[in-house]
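Next come two complexes, and both contain subunit A; in the first it sits with subunit B, in the second with subunit C.
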Partner chain A sequence: MKSKESGSAAVEVHDLDPQEFLEQVHSFEFWFEAVEGYLSGLTFGFRPDTVDITLPDLDRDRLITVLCNYCVGETAALEGASGLIAIAPNRMAKIFLSTQVVDEGRHLEVLLHRLRMLGVADPEAEMERRANRSLQLFKRRLLELVSSKDWEAAIFAQNVILEALEFTVFQNHARDADPITREVLLGIVKDERRHIGFGENELGRRLKTAPHIRARLGQVKKELDHLVLDTLEETMKELNVDAGEREKLGRSYLEAAARLGLQP
Partner chain B sequence: MTDPLESAEISEKPDTQRQRFVLDETGFDEVPKRFRKFYRKWRGPGDSLAANEVICPVCKVVIRSTRELRPGDRIYCMPCMSRLIVVMGETGMLEALVAY
Partner chain C sequence: MADFLSAYSIQNWLESCPQGYLEGTEFGHQPGESEPELLAQNKILHEEALRTTVQLVVGERCALAASSGLINAAPDEASKRFLATQTLDEARHVEIFTQRLYDLGVARRDLESVIKQYANHNLVKFAGVLLEKVDKKDFVAGVVGQNIVLEGMAFTVFEMMHALNEQMNPKFAHVLSGTIADERRHVGFGENRIGSLIKEFPGKRPEIERMQKEMSYYMLATFADAFRNNPAAAEFDKLQQPQAHAKWQGVDLAEMPPEQMESVLADTVLKEFKVRLGRIGIEYQTPARP
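Now for the complex of A and B:
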């Protein structure tokens, strides 16, 4: 893994100028080279030679419910991210969000494809039928924040709350999922890493210069907390995750909020 | 929220006394090729951090440097786009704080 250097001059990423780093990671070029590393060779998010297994009826039905809810979350993020481009305060944020829109569109497509593979003839109708009520309310509120052009609150709801929820749930689900669902989810998690980082860092920078925003974000958090935690609870039940583990998973988004100075 | 850049204790050791590392590829594939060796996945219980490694508090990826890390060092987590500063944690282990 590592060894002492023998004198050659290694390029050190951490020596980049801070502004150069920010320009780099927000760029379309960076996104393109990053996703090339883990998406090339995949079809609908999984390797073509990955073998699909037949799930028992009950497990298959539970998986369909869970994937329908993931599709609701991804649709919210797709509509939210695309709406946010118009109100993003600078060029870097606009370009980054354009890459996020592509990511979210891909997520929705691969999840719908997986539903079809599981025998769901009309995945979008099934989404409507099985969607969790709290998640639907969350989606509606997120899109209201976007359409009211409230940049900070919308970025908080979408890139800190929703993305952290997806990041945590998908990682956990992937551990015990069937091989194809696992590959699809792990590919999505790799994209989510950028999305949660963008949200937290963007808000962190804004709060540094405008700390008064914190109180308003605290209100948004208070309003949305129970919707997020209800959604997490219900999804984890479908996945048979025990209560102790469910509580641990709920903490991950609360940690991000705490780093931004938003108390529970 | 305190700014870690203002509160971090800065290493007084001269750079020449730091251990240097050659970084090999780790299989990490979430950033452009030229940056991949600076990151790796945390392998869970049983894994440990070397003197040139620290965990990103935002996305939990292990960040690596060609130099031994010291409190006060500024590092980057490219996978989640975070700028971080190395600090000595309460457990005596190096940790990273986000420097917004």
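Now for the complex of A and C:
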């Protein structure tokens, strides 16, 4: 965990052999250098001098609903990633997932903090009250896959499907969000990119050597797609996104699975 | 509870740990530090360094499995988030102690076989008792086993090793000082959070007390294996290597035979267990002595 001032020569990770590359990019050291740049100086995910604007009541209420659902998604991600550590096939994957666990914990923390800033006294109770049913069903199914110790299916549901959903939604929401919510979401998106990269890399290598896994993942995708697309639709409606844009976002989510050769 | 748990937030963790005492370190030590030449040159001392480091990796792998496994069993969001930071702390410990094995010359392809060769079977049993509770999603027993017993043991062992290495091996001492700072936080969480849960579920006490007794026995057996018949002290004498004074718990470890060091370590850990368990309303159970 070198500070930026340490002056140590940076290693060009893409010049390394595949095993050493994985050792590097899945390490705590690599994680810290990655997050240090964009989390340094932030408190609960935003710069202390960012001005909080007062939202009209209806917009505020809609934002609370959306953030509550983000918290449900991040709780699923936290519980999923932590459960995956036990079934990860090697030490490097375990260490990467540990960095993901703390990322997901941080996301939950900054979103709960934002809810409190918006005047929600008991965010956990509010999450229960406003949670989208499809998202809750997705969470349940994800944790079942983790409990059943099905590494490929669970990592697919967690690091490809759920992370791609969050990435798509958060990135879109950040464009029109109030300044504090925007900073919080953009910080989360940077983490999600790393998580999706791990999922695609891990599954991509496995699919090359064991193509029969593809059929099982296709089945998982089929089962989860409608829950994800329902959640996406509901969230985008709350954010006043028009139908055309909603359809585009749905396609953008489906592209993540297509990159692994799993067709929509 | 909310106020106490806010001290264990990820925001606080980021500020105090990676952006605090770990800032500027490389695998837990200062850049450019290396293992002493003597460890590379002397076969007996090298093997003992490997054996010791393997136990640290085994213990930290157990802690990683336990803290990540407890997240799903945690009854509230704030505890889940604290355990997320602990999970990453434990993964970092696995990484830095594994790196020490590489620094001591273990080839990457041989890592698992070296761990298998040197892992102490009593330490493996110690881990097994804890992980059984975690597998059952028993949060209260799991946190007592993890954050009071395992972390309490690690905290004291690391402090003793730090004292022994501070002058002879500054690189390893620096690695240990970062882990000690982490363990202190973990033990603090265990004591604070579990006290209230024990009050809420008093029926869990007998089972937790049995677990503490069993884990303590395997811990003492691990210490016995590590100190009795340890050839390193005799090798230092043979080499007439000057040993730096290592003051810890009011004694000079450099002047002690290994059996006495074992006794000081065991007594210190057990005394700490007794105090900490008392604070959370658990009656300390004296383990059998191996």
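Heads up, the rule we're going with is that the second predicted complex is superposed on the first by the 246 of 264 C-alpha atoms of A that agree within 3 Å, B and C clash if a C-alpha of one lies under 4 Å from a C-alpha of the other, contacts with A are read in each partner's own complex, and residues count from 1 in each chain.
Please note the rule applied: contacts are C-beta pairs under 8 Å (C-beta built on N, C-alpha and C of every residue); 3 or more make two chains touch, one makes a residue touch a chain.
From a predicted model like this one, the values you see are computed outputs, not experimental measurements.
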Touched partner set for A:E104, first subunit B, second subunit C, both or neither: second
Which superposed partner A:G37 touches (first subunit B, second subunit C, both, neither): first
Contacts of A:K208 with subunit B and subunit C, given as first, second, both or neither: first
A:E124 touches, of subunit B and subunit C: first, second, both or neither? second
First (subunit B), second (subunit C), both or neither touched by A:I95: second
First (subunit B), second (subunit C), both or neither touched by A:E79: second
Set of subunit A residues, in rising order, touched by both subunit B and subunit C: 1-3, 5-6, 8
Touching residues (chain side subunit A, partner subunit C) in the complex: 1-3, 5-6, 8, 19, 23, 27-29, 32, 36, 39-40, 43-44, 75, 78-79, 82-83, 85-86, 91, 94-95, 97-99, 101-102, 104-106, 108-109, 112, 124, 143
Subunit B-touching residues of subunit A, taken from the complex the two chains share: 1-6, 8, 10-14, 16, 18, 21-22, 24-26, 30, 33-34, 37-38, 190, 193-194, 196-198, 200-201, 204-205, 207-208, 255-256, 259-261
Subunit B - residues contacting subunit A, complex: 1, 3, 19-24, 26, 29-36, 38, 40, 50, 52, 57-59, 61, 64-67, 73-83, 98, 100
Touching residues (chain side subunit C, partner subunit A) in the complex: 9-11, 13-14, 18-19, 22-27, 31, 64-65, 68-69, 71-72, 76-77, 80-81, 83-85, 87-88, 90-92, 94-95, 98, 108, 111
